[in-house]
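Two complexes are shown next, each including chain A; its partner changes from chain B in the first to chain C in the second.
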Partner chain A sequence: MATSSEPVDDPAVRTGDTGSDRIRRGGRGMDTIRRLPATLLFSLVVLAVFLAAVALGSVLIPQDPFEQDLLNRNVPPSLEHLAGTDNFGRDVLARLLYGAKLTLMVGLGGVVSALVFGAVLGLTALAVGQWLSVPVYGLIDFIRALPDVLLALILIVALGPAISSVMIALGIAFAPFFAYVARAAWMREMAADYITVARTFGAGRLRILYRHALPNIIGAVITLVAVILPRCIVTESVLSFLGLGVSPDTPTWGRMIADGTPLFERAPHAVLIPVLALSTLTLALALLGNHLRARVDPLRADERRRKTDR
Partner chain B sequence: MAPLLDVRRLGISFPGAAGSIRAVDDVTWQLEAGRTLGIVGESGSGKSLTGLALLRLLPAAAEVDDASRIFYRGQDLLTLPEDRMRALRGGALAIVFQEPMACLHPLLPVGRQVGEAVRRHAARPDIRVHTQVEGLFAEVGLPEPDRIGRRYPHELSGGQQQRVMLAMALAGNPEVLVADEPTTALDVTVQAQILTLLRELQEHRGLAMVFISHDLAVVSSMAHDVLVMRRGRMVEDGPMQQVLTRPRSQYAQVLIAARRRLHESETDTGHGDAAPEPILHLDGLTVDYAGRGLRTAKVRAVDGVSLTLAGGRTMGLVGESGSGKSTIGKAVVGLVRPSGGDIRLLGRSLAADRWRQPRAFRRHCQIVLQNPYGSLNPRLTVADALMEPFVTLALRPAEGPWARMVAGLEEVGLDGDTLSRYPHQLSGGQRQRVCIARALIPEPTLLICDEIVSALDVHVQFQVLDLLKRLQKSRRLSLLFIGHDLEVIRFIADDIAVMHQGRIVERAGTKQVLEEPQHPYSRSLISAIPRLAAA
Partner chain C sequence: MTTVLTVLWHLTRAATLIAGITILVFLLVRVVPGDVVDVLAIEGGLTDAQAEALRANLGLTVSWFDQFRAWCIGVLQGDFGESLRFRVPAADLLWHAIPVTLRLAAASLLLGFVLAVSVSLLATLRPQSVFVSLVDALNIWSISVPTFCAGLVGILVFSLWLGWLPVLGNFLVPVIILGVDAAGQIVKPLHEEMKELGTAAYVRTARAKGLHPLRIVIVHVLPAAAPVLLAMTGLIAASFIGGALTMEVLFGLPGVGSLAFNAINGRDYPLIQAVVLFLAVSVILINFATDLAHRLIDPRPER
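Now for the complex of A and B:
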């Protein structure tokens, strides 16, 4: 139970825990790694493997991701084809590694543009005033009312098929999620006494936004990135499936899943392996998002430190 | 004869990954029928947990010691099977909590809610619930007991809501009533009424009562015996009179002395200056809050208030919740836009500037808000928080902002190390000191204090008020001190203005208002102040 009497019974206060302590404790090398929580370690390893695959994919795997071998279609995993082959006899592992780069690019690009269209635009409009926030959120409500795949389709047709237009289309389709989370957090912040105090010091609207409100909003937004990123990857696969994503030949994870699904009974590995890769990556990103949020949050950072100290 | 309630070696802890937290430690007391035991303590002292333990309503994470015993009429409540405990709960043992609005179901008429309690504890199934509820409403002094049952909680005032809660507690004909801060959320005059009601009920029904409160003065008017708790331990117990006059423990002495010192402070009127210049002058100030929707009528929060505050003086602005006293403070610092009248700050008319305070002018008037937990951003360090006024008001102190911040903290009794801390690492009193330091950084002429000590524990209240008084002397600050606690106002203010429904009904020197109030409303307000029973 919290005591509010003086002097406080708070270990952090009693030990005079200050910023310099924190830096000293940070340490370097193996010691630091051993002290990392298992979940964070897991997500870092997965992301490292993923990035290595993006960088070295074509070097490690001798097979050509595009080469068709019609005599060896739907072969289950073997020594020659570590992850088997698909319906056209193309090596699944080679395609998986080759597609990792595009998948990551499209996913990240989509999330970042959704964050910009949703959270950055929304918060700026809210801070500037009602005359801007009402029309901006009206537009966002309108976007939300359309099915996201349909909206993305229209946008890609309008922008012309290219990776950049897929990213922008995903960004606009997913922007409402960020906008709504940002608005809810903003409303909560505006009711806080410390915002009132900042106003009495003559702080301007934009200063209140980035200095006082943003540190309290950012956590919710980071968590949302981890949720929306995999959705972007999956939506891209739907677009590819409809022939409007990245060019139909080019392998992305979403496209591999979409292509393999009708033949699931004959070649389950062609679906399950990309699904496993996608869900492992998603999990790793979600866990990383969680840790990032705890890191930017002094309340939770303190809690965590106290736990590891004992 | 065995006592009605016999609590022996009660211990409650909260086991956690980071070690067990001991919330209540080795508490022992007895209660006879028809007597009242007061439990006094600050937040976190374990007083509420002690009350909840009687009804086995402790939070799930709490663990009661194996050695603890709570005997009610010879049976141990802690080992009783749950179904028999349920029959006692709300029956022979009843409880009333602090926030009546939070305890009543918002979507059910209050009559049905009390009726449910009546039905649950009825001895025979064929009773007439309706008449019973009416009888209870009459007993707790609700108006129109035959019709008020059809109303919803939000249609009742706070005092009426608490009366409904009492009716519900009485529905099961209790022998023991646990009252956990039953009047803390209420205004002073309403508090006095509820306390009188509780005393009457106890007399008529011969109730045994456990009265839990942070306010020693309230407890002293209610209890026969008292138990003082601190950090889960009993630091003092005994008959009320004895504890008040001859407290054995140092902590009880501090508590009582803090109250007394508030009471005994000298209120010197006149600083010797012939006619100090007015710092703040309100002239027929009117503030309206727009209703929601286009057609809803506006709410007039402040209605033509005129007031003058001279330099270096402290004006206490007193009133109950909703009287408009905080709105005046907000209007002066420019957080609320008045709809009429004028505010003259340092001789400058704010209405003439169309209520837009130029940035450079803002530094002359600062505000400290009630809740020190809400007014510091949880994600900014103290240094970040104190840095804000330098940036937004473009202050360039000669010695540099850092030295100025350290000096400011030392002025309010904190050391420079506090700068690197986050608010959650500070206690309530320390936070409020930081808020005061922050407000003083622009070196204001006028400081508005909006209920700044009401969220603090009693002995911390005194320290903060004392600090404020010293700062006022050393800096020749003018203070507009908004509050509802007249004891606090008596300690700090030179003059008092009493507000009621948006208007000032009385304005005079502190001593005069408190000793010879003229207006009938001030008289009822002042007679309602809870006082320590013994002189």
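Now for the complex of A and C:
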């Protein structure tokens, strides 16, 4: 994953060592001024357009995303159908706008359940004590050792094909990320003086977690939401593509790609347009996530500290 | 003494992990509604009586615990059970699939490794050149373009429009797609690390001695960045063993990913278990090898 090149994150700048290095100096100042806001601007614009589509989708496009027009199947993009039609003569743009909401819903559902399974469970276990946190993190290690697509596949088959099983499967598959970040943040906070103070005043473990440590941990966890959301969206599309995602009457973008694939040769637009939309959205989310993470990731903060000490 | 203890600790952890994953998957696949007999019944039209007889014959009527015990005893004797659908030993199916996946994973990893190292080397050497942007471009590509989308476009362009390659059984396009994806994940941390190391005192000394910049980067900076390179490569290698699943399905490669996909769809319990056991063992072996290589390669003295 990318780290952004902010001056704040640069130990050389923080320690005042700006040495006359040829290797490292290349255009770092320009970097900060020019590239970073541009990527951020890009992701904000894309996300604004996406959210507008989610909110206004059905208002903007008069066509019904489910209406079949069997005389106009696989029509390439034209004035009447701006993004063409699919194999059932349904308007691709209308489905794309309608699917935006579903894509976001499944992605968010996946992230939120990952947050619950990973961070909430992990932190509670850590706060309660080792007898709980060791088995919980042991389970997390098992989950981590299986490839996420394979795990999600097994889970969806186990839970039955429904939009909620996709969310739960994504949640379990991505829970380890949240659990590890939560643990790193927890360790960091537990070493801080204010926790020692709270403990001397007799605060219980769970009280320390929710009252004292949580406000300082929450930033890292929320940031991870932005990093994992695009991965959830992509994994959902992979699952749909493999035929085990949401059902055909819920056209998420992944589902649209999957549906269009058999007729790829005849109607490439029905696949390429959702692919493009999906990639643009994940790109915007990933850029935003990396930007946020460069500031608050506890795992990375440790890394930074270590490097400065060296 | 401490080394022996460390090795023992690692082995215990690995064994626990393998056992845990095996049990987890064993239970998961049995929670799945419908079993292999249902699938066969739909495909072959069995009567209820026939289906029940088949179930008993396949050992699916005894309790989960007995099934698990029987399976464990089999595995310890080197018998991974018989695929319920294809009626051949699961180990044989796996044995045919492994080389395909290994070839795909190894070739993609090699491409990704070479691409990432050369691009970050050039970017470190020439900080104002186009290579620095290439680092970001590769990274952004790997984040935002799902491999199966790239695969679809690849099929469209190379097979359908240009007619160069057959759609199925194709090897080169998935290797390029996975390789570029791997490169994108490796290149950014590697470049950051190399930039960082460029400020180290020993690099300044090397420069003061008048060494050629290329020599400094290759002999002094790159080996010190090896741990990052290794860690990333290990992670990606582990994910390729099973994560090449979509590529294998898309391009019709008969590898472990395709096997797992078909086994899950067909509720072929012994086959799923064999594949998962294989994946767990490979992931653990890769992690172990990464750890070992880390100790051997890192030029810094132990802290």
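As a convention for this text, the second predicted complex is superposed on the first by the 173 of 310 C-alpha atoms of A that agree within 3 Å, B and C clash if a C-alpha of one lies under 4 Å from a C-alpha of the other, contacts with A are read in each partner's own complex, and residues count from 1 in each chain.
Definition applied: contacts are C-beta pairs under 8 Å (C-beta built on N, C-alpha and C of every residue); 3 or more make two chains touch, one makes a residue touch a chain.
Nothing here was measured: the structure is a model prediction, and the numbers come from that model.
Novice: Is A:A52 touching anything from chain B or chain C once the two structures are fitted on A? First, second, both or neither.
Specialist: Neither chain B nor chain C is touched by A:A52.
Novice: Answer with first, second, both or neither: which of chain B and chain C does A:F264 touch in the superposed model?
Specialist: second
Novice: Considering only touches as defined above, state whether A:A162 meets chain B (first), chain C (second), both or neither.
Specialist: neither
Novice: Contacts for A:N216 in the overlay, against chain B (first) and chain C (second): which applies, first, second, both or neither?
Specialist: Once the two structures are laid over each other on A, A:N216 reaches chain B alone.
Novice: For A:V116, using the defined touch cut-off, is the partner it touches chain B, chain C, both, or neither? Pick first, second, both or neither.
Specialist: After superposition on chain A, A:V116 lies in contact with neither partner.
Novice: Under the stated touch criterion, name the partner, chain B or chain C, that contacts more residues in chain A.
Specialist: C
Novice: What is the contact status of A:V234 with respect to chain B (first) and chain C (second): first, second, both, or neither?
Specialist: Only chain C is touched by A:V234; chain B is not.
Novice: Answer with first, second, both or neither: which of chain B and chain C does A:V134 touch in the superposed model?
Specialist: It touches nothing on chain B or chain C.
Novice: After the superposition on A, what does A:R199 contact: first (chain B), second (chain C), both or neither?
Specialist: first
Novice: Can you give me the overlap between the chain B contact set and the chain C contact set on chain A?
Specialist: 1-3, 12, 17, 19, 307
Novice: Looking at the complex, which residues from chain B come into contact with chain A?
Specialist: Listed in rising order, the residues are 14, 17-19, 21, 23, 42-44, 46, 49, 231, 333-335, 357, 359, 362, 366-367, 369-371, 374-381, 385, 388-389, 391-393, 417, 420-422, 424-430, 435, 438, 442, 456-457, 459-460, 463.
Novice: What residues of chain C sit close enough to touch chain A in their complex?
Specialist: 16-17, 20-21, 24-25, 28-29, 31-33, 124-128, 132, 136, 139-140, 143-146, 148-149, 152-153, 155-156, 160, 185, 188-189, 192, 195-196, 198-199, 203-204, 207, 213, 216-217, 221, 239, 241-243, 245-246, 249, 260-261, 264-265, 272, 276, 279-280, 283-284
Novice: Under the definition above, what is the set of chain A residues touching chain B in their complex?
Specialist: 1-10, 12-13, 16-19, 192-194, 196-204, 207, 211-212, 215-216, 297-299, 302, 306-307, 310
Novice: Enumerate the contact residues on chain A facing chain C in the complex.
Specialist: Per the touch definition, chain A meets chain C at residues 1-3, 11-12, 17, 19, 21-27, 35, 138-139, 141-142, 145-150, 153-155, 157-158, 160, 230, 234, 237-238, 241-243, 257, 261, 264-265, 268, 271-272, 275, 278-280, 282-283, 286-287, 290, 307.
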